[in-house]
Amino acid sequence: MKPDESRYDRGLASMRAIFGSGIEPALDALATTSPDLVRSLIEFPFGDIYTRPGLDLKTREMLTVAALTVLGYAQAELKEHIRGAMNVGCTRNEILEIILQMAVYAGFPAALEAIKTAASVFGEE
Amino acid sequence: MKPDESRYDRGLASMRAIFGSGIEPALDALATTSPDLVRSLIEFPFGDIYTRPGLDLKTREMLTVAALTVLGYAQAELKEHIRGAMNVGCTRNEILEIILQMAVYAGFPAALEAIKTAASVFGEE
Amino acid sequence: MKPDESRYDRGLASMRAIFGSGIEPALDALATTSPDLVRSLIEFPFGDIYTRPGLDLKTREMLTVAALTVLGYAQAELKEHIRGAMNVGCTRNEILEIILQMAVYAGFPAALEAIKTAASVFGEE
Amino acid sequence: MKPDESRYDRGLASMRAIFGSGIEPALDALATTSPDLVRSLIEFPFGDIYTRPGLDLKTREMLTVAALTVLGYAQAELKEHIRGAMNVGCTRNEILEIILQMAVYAGFPAALEAIKTAASVFGEE
Amino acid sequence: MKPDESRYDRGLASMRAIFGSGIEPALDALATTSPDLVRSLIEFPFGDIYTRPGLDLKTREMLTVAALTVLGYAQAELKEHIRGAMNVGCTRNEILEIILQMAVYAGFPAALEAIKTAASVFGEE
Amino acid sequence: MKPDESRYDRGLASMRAIFGSGIEPALDALATTSPDLVRSLIEFPFGDIYTRPGLDLKTREMLTVAALTVLGYAQAELKEHIRGAMNVGCTRNEILEIILQMAVYAGFPAALEAIKTAASVFGEE
């Protein structure tokens, strides 16, 4: 997989816009184990998908909070994306509404796990 | 579980707004097997959750399309909600963007199954 | 994996008790593709687990109906186990209660898929 | 979502019967983040579903232990429900049988995670 | 997302090597609904990942058969990849061993669904 | 479930070959809670499945690393199996390739959780 500077640069800019500049040391730490997963993460989701014009960034982050609530096991990623969603314009109340709605589609345990994660994000602010 | 007419009525109105009046015979058919699941479905998701003010109906339907794409096994429900999302203002392009984004969070098989379901909805219009 | 006649015989007897004697042609058909999966299925779940004294057969089948409702994708197995549960003493109403309760833990799409499967079993009787 | 005192009261009584009175401070803590998820949790699963006559409380808790073992990611909820199941009459041995049986339906990793959770509950008694 | 001809060409060549030239009409059909998901599918999994030197193609296909068996809901994709695995050197027996092993990690229903899919592929040859 | 010494002995030998002799105190600890789950674990996956001739041990461990990455919630088991895979001949690079490939089938959150687990194993060596 040869580096593709424009996808990479676009993806990193997109990650900074969502997660803040604190994302770079986190990516660097992960890259000491798997530089290629980090590159794929930057290029495909954030370089290719999040930069597409069909949905605004706030809507994309809301969809991701829904998806991670449904998965249930990825609370570390959910934590980052709750922060990210708020950085791009989501209110706390919108986060809570998304999680509450997911109780319908993935059950109450999924919603309860996500609310605890949201509480830990809100508590750090 | 005693009927609660206002939750029930509110939920049924909300389901009609999303799915059209064709939803009623479908609910009646399901109710011959499980009237209580149908009542719970009308009252809790559609009476309690979808009618809350914190998110508009289009956003709620977009979140549901994301959630059902992630689950993977619920293509029948996804089909209804793709129709529902379009009834409340979602464009075909927005549906496709949501599904494409879910490839990131739930993998390509989830996205491929959902695209085939979207194609069947689009083809029926 | 050498055959272990007592586990195999015990498992087959247990499957007949749950599913009726119609299970044998179904197992034979599956065994033309994978005799070893069929042997494992007979010996481990039905020879080792279902024959244990700690829970009665009706309770075990009720737990399995719950588990398969949660998984969501295994409607063919759920169909067999709804029949099996009724063969060992479960009422239709108990099946419906289990599925309704699973809406809480795995969401409404899981419950809706399972109700449709239950309806098809009930309709065949 | 307007409060419905009878569903709420019935649900809270049902939660106390299952989890003991220690559940109230836990619900209060969660309600500082999402009062509406807590209300939904009390009203829908515990007010509407667990109070239905079709299955006794012990059977319902056994089904829930099965469901949470299958989900895998919800060990915090499983911990509460193992305690709850024992409060309403389940023996340790029955809990262990349920988890062992789930190895058949959700695989050994699901059963191993659940056994570790059961061990931590048993160790606290 | 601007086309990247080398990733695209490399991915398409990789898909032809795995699935045979019959994959192109299937991709074209899917592309009438979502050209961008098809492009992402060709470029990211097959252009970027399957062409990496760290694992040979047969091993990659075996891992994918395992992954799709675990997911459970993606039998259409599993069908393609069972064919693909055999095209790149997997024997029928190896496919069956993978599926049998997955009974340990995802449960018997996942393995049974996958065996039925394998049987339908073997039967078409 | 009566003990079957040959399956048990074969399974324990297989577990020692994969995980090293440190696995025995871990199994003993688990067996204080559930001796029967431990026996089933030794006999069925490791006595029956891993000892089958159709796939070598290294391939089996690679498939298991893929499966556990897809499940997402079983990081404790993944940790053991990453160690196990390396004990039977997998390189660090092969582990990382498997996890990267799983981003395609189960999404990036599954791959990110698994990479963090791999990093913790690599860091302990």
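All chains are identified by letter, namely A, B, C, D, E and F, in their written order; residue positions are counted from 1 within each chain.
Here is the rule we go by: a contact is a pair of C-beta atoms (placed from the backbone, for glycine too) under 8 Å apart; a residue touches a chain by one contact, two chains touch by 3 or more.
Here the structure is a predicted model, which is why all the values come from computation and not from measurement.
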Where chain A and chain F overlap in contact partners, by chain label: B, C, D, E
Chain D and chain B - chains in contact with each: A, C, E, F
Chain C on chain E, rotation in degrees - Cα superposition, rounded to nearest 5: 120
Furthest chain, CA centroid comparison against chain C: A
Separation of mean Cα positions, chain E and chain D [Å, integer]: 39
Chain D and chain F, separation of their C-alpha mean positions in angstrom: 30
Where chain E and chain F are represented by their mean Cα positions, the distance between them in whole Å: 24
Residues of chain E touching at least two other chains: 36, 40, 44-45, 49, 52, 68, 71-73, 96, 100, 103-110
Complex contact set, residues of chain B against chain D: 1, 4, 7, 36, 40, 44, 48-49, 51-52
Of all residues in chain C, those that touch chain B in their complex: 71-73, 96, 99-100, 103, 107-113, 115-116, 118-119, 122
Chain B residues within the chain C interface of the complex: 30, 32-34, 36-37, 40-41, 45, 68, 71-74, 76-77
Complex contacts: residues of chain A adjacent to chain C: 103-110
Residues on chain D engaged by chain C in the complex (per definition of touch): 44-45, 49-50, 52, 54-55, 59-60, 62-64, 66-68, 70-71, 93-94, 96-98, 100-106
